[in-house]
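Multiple structures follow.
Below are two complexes that have chain A in common, paired first with chain B and then with chain C.
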Partner chain A sequence: MEKNYYVCTGCGMLCDDIEVESEKNIVNKVHTACRVGVAHMKEGRESAVFRVDDKPVDEATAISEAAAILKNAKNPLIFGLGTSTNETQKLAIELARKTSATLDDTSSFCLGRVVEALLQNKFKVCTLDDVRNKADVTIFWGADPSDSHPRHLSKHSYFPRGTEKQRGWEEERTAIAIDVRKSHTAKICGNYFFQIPPGGDAEFIDALIAGLSGKLPKTSYNFPPKRILELANILKGAKFGVVFVGLGLVYSLENLEPLIRLMDALNEKANFHLIPMVGHYNMRGFNENLFEETGHVNSVKFEDGTVKHGPEYSIVESLKAKTVDAALIIGSDPLSSLPRSVAKNLLEIPVISLDPCETLTSRRAKVYINTAISGVESGGSATRMDGVKVNFKPVVETTRLSDEAVLKKIMEAL
Partner chain B sequence: MTNAMELYQMLPKTNCKKCGKTSCMAFAVALMARELTPEDCPPLKEEPKYKESYEKISGLFKPSEGATETGLIVHEDLCFGCGNCVVACPVNVANDPYGVGSGNAPKNAGKLILTIEDGIVKAQNVGECRRFGKNKILCNGCIVTCPVEAIEFV
Partner chain C sequence: MDFGSFLKAPEIKVKVITYRDIFQDKAMIENRFGDDYRDRSAVIKLDPADLKQLSVKKGDTVVLKNSFGTIVVRAEESGYEPSHRGIAYMPNSPWSNMLVSDETGGTGIPKFKDISATVTSAKGEKVTEIGF
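For the complex of A and B:
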């Protein structure tokens, strides 16, 4: 019996085994998805909203107003897209080219550096399916998938049986958590939880590398050397190891050099892969699509057929320096997520917000169009946290436009 | 959860045996073991002076109405549907190795003990649970794998 499975776009796991019971375009029951996924799938609402200057308008008015803003801007900022399909992202890149825009996504203050490094082949990588089938040692570093990607451990990284892991997690897998606090994931890891002080990651990496080559591991915070050696021994014995890199680790490192050194050291003694714990369902897609077009994963500026890249083209720096004079924000809420001192500059320029939900940004936007929920009310393709492409169809229908359709209309109006 | 002594303190303490037990203490133990329910003590249920105690004890045993013969209780408010217990349960694995046993959606949902519905774990077929029946063992697969202690056996 072939079942009709849907893909959940609730997080970067893109679980592809979800059964949904729906009636008259309302989701009634969801099977196998976690609570985050269920909430995401049941979020749907009925009618479309188009607003200009806080007043309801029709579709045509909203689109032409949005196009006018982009046309009049010298350097518009296009930002967001972490919860948009690959197709939408590619359109947005084209739009950025056309309007000489600055283009960025949340990865510039999140996991972008890691994705960039792995696209440049600085790490050995594998897929989540490899993890399920082969991994015997997994490290969650500065990541708490039990909270951020609830099915991570059960679907891939710890509990399931895999083709080469038939005897189950108790006998054949070791899960390790390295974090500044005892997270839910750390709790599952039991004795293999290593608690380090905030900012202590780089030193812990050095100590671990020392331990791997049999030297005495030292840290300024006196982490018991015996425990680091114990950890090093487990890692050395790994036949198929994986490091899941979370925001906690990335925020704590000034640059990726220590992490690259650690992965190299691990691969001298054993076999280790890296997967970034991407949160938004298609942030990795954005990074890859932009990389294909420009060689960069975020923070770019298009100008007369050329592409410039650098931190000054990130949302944070370009708002700080007030170099952008309009903004098109797609599926993101920078007014709430950025520091106030930066976000307030967004209030000085005309903003177009495309979002399925009302957010602080959408409420303050000059133009607001509430779009279909990508992956629930509209389909397309996306790139999972491990780089695997996933296609999906909508679960229910809606009268609201997808962000892809809105971008198309804006481009036609330009 | 409370213990038998605390329950005993709330009973009539007359040892009238109407419940079929030899004493109120024995009744309290039977309550804890879920052999009997608060209604099985006629004085407690009927006499107005015990009304408050009756309601309190009934309240204590309320969550257990969702409990199964094996005493498995799911705290639905805590569970967030991660599926760890579903994938770790040895009975689930044995009955559906390529579905939930491999981390995927159930291929054989009717045979499972634990499944996830609307983001919350649901228990069925609990007679199959390894903690139950003649050959019972102290399986704790679903307890130790839960990050939030949402499954409990009473």
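For the complex of A and C:
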């Protein structure tokens, strides 16, 4: 019997082996997915909601109000899109161009720098399928997939018996965690957990590079040199190594120069690839789509046919400097995810929130439209954390509009 | 007379590091305004010696304060070894974000995982409700 598999859009892994039992457009059971994936796929229950100034309105009123906000704004901010399809993201870029908007996504304050560097070919990359089939040494650096990407180790990076790794984790794979705390992933790594102090990553990188070339590795926090040399020896012997870069590492580095240097040093001695631990299911898609259009992965401002780029066009700096005078937030909740000291400035401008569920942001929005859950109630394509394109169809039908459909209607109304 | 009530409650300085928690993530997807999400988010994990210094028991509430905000959350033992006095852990959430500095050096990247705050006993005060 041929089975019908779905894609889970719960995180950047886009697992494509999900089985679902549904009835009357309600997902009752989800098989294969992780705890987060199951909750995500069973999320949709509500009927369509259109709200303006906290009052229920019809679809046409909500769309025309949203269009009016964007039309009246001199510099609207379009933000979010990490949980939108590639098709929706491309439409949002077009809308940003049309409305001379500032356009940004969560990557400006998480992994954007890493994705930008890899799109500029500064790192050797590979796919998760390569990892499953070939990887013998994997490093989780400032990343805890056991919590953030729960099937990462079982589906790709440690436990599977890939085509060239039939003897599996018991004999053929070494998993290493470098972190400031003993995370759940670090526990799995056992003796290959290297605990460093907060902010100690850059120094650890330098020490490791020294160790790779046989020099005495030193750190100001006196990390045992013997252990660093032991780690360097494992890395030197890697036939197919992968560094999974998490936020813990990225936030600890002022810039990516130390990481680029480390990857180069590793590739002088062995064979090492890098994959960013992208959280939102299509953050990488946003980065790639915008990069293709503008040469930048986030933080852009469209103006008179030109594109400006820089951290001043990120959501954080735009809100801090109060340079944006309206906001269209798509599938994101900045009132929850940004520092309150920055997010509070959103309360001073009209906000349009498109989101499948009620959030702090939707509750304070001038216009709120609850959209279909991308990947569960609407289909499209997305880009996995490793750059692989994945197509998906909806699991169930809904009366709610997809964010893509809402953006089309707003553009027509403009 | 309870002379203890005239004494200033002990206060310690901590560096808070935020992290992701799968159970908390699931609770958020199910209902970000629900009790489960609040209970799994409004938590700080401290070194047992720091709890002792604060005269706070596991499960008691504490006040976290800095120049960006003040929140009341539940204190727990971290369970981490070795000792990490002065370093505390919180799941990343709107609660931790109430304490994150707006200072970014113009980079657009706040220090979500590097929060300085003071901790004192909340003396039974309830956990902060999130809203704007």
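Assume the second predicted complex is superposed on the first by the 412 of 414 C-alpha atoms of A that agree within 3 Å, B and C clash if a C-alpha of one lies under 4 Å from a C-alpha of the other, contacts with A are read in each partner's own complex, and residues count from 1 in each chain.
Assume a contact is a pair of C-beta atoms (placed from the backbone, for glycine too) under 8 Å apart; a residue touches a chain by one contact, two chains touch by 3 or more.
These figures come from a predicted structure and were not determined experimentally.
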First (chain B), second (chain C), both or neither touched by A:K134: neither
Touching partner for A:K301 - first (chain B), second (chain C), both, neither: neither
Touching partner for A:R35 - first (chain B), second (chain C), both, neither: both
First, second, both or neither for A:Y5, with chain B first and chain C second: first
Touching partner for A:V342 - first (chain B), second (chain C), both, neither: second
In the superposition, chain B vs chain C on chain A residues touched: C
Partner chain(s) touched by A:Y251 [first = chain B, second = chain C, both, neither]: second
Touching partner for A:S108 - first (chain B), second (chain C), both, neither: second
Which of chain B and chain C A:R364 touches, first, second, both or neither: second
Which superposed partner A:L153 touches (first chain B, second chain C, both, neither): first
Footprint overlap on chain A, where chain B in one structure and chain C in the other make contact: 34-36, 39, 146, 150
Chain C contact footprint on chain A (complex, rising order): 10, 34-36, 39-40, 43, 108-109, 144, 146-148, 150, 180-183, 198-199, 247-248, 251-252, 299, 311-312, 314-317, 320, 333, 335-344, 347, 357-360, 363-364
Parts of chain B lying in touch with chain A, wherever the complex brings them together: 79-84, 86-88, 93, 97, 101-106, 115-120, 145, 147-148
Contacting residues of chain C [partner chain A, same complex]: 15, 17, 19-23, 25-26, 29-30, 32-33, 68-69, 80-81, 84, 87, 89, 93-94, 97-98, 100-102, 104, 106-114, 130-132
For the chain A and chain B complex, residues of the former touching the latter: 3, 5, 17-19, 29-39, 132, 146, 150-151, 153-156, 158-162, 168-169, 184-185, 187-188
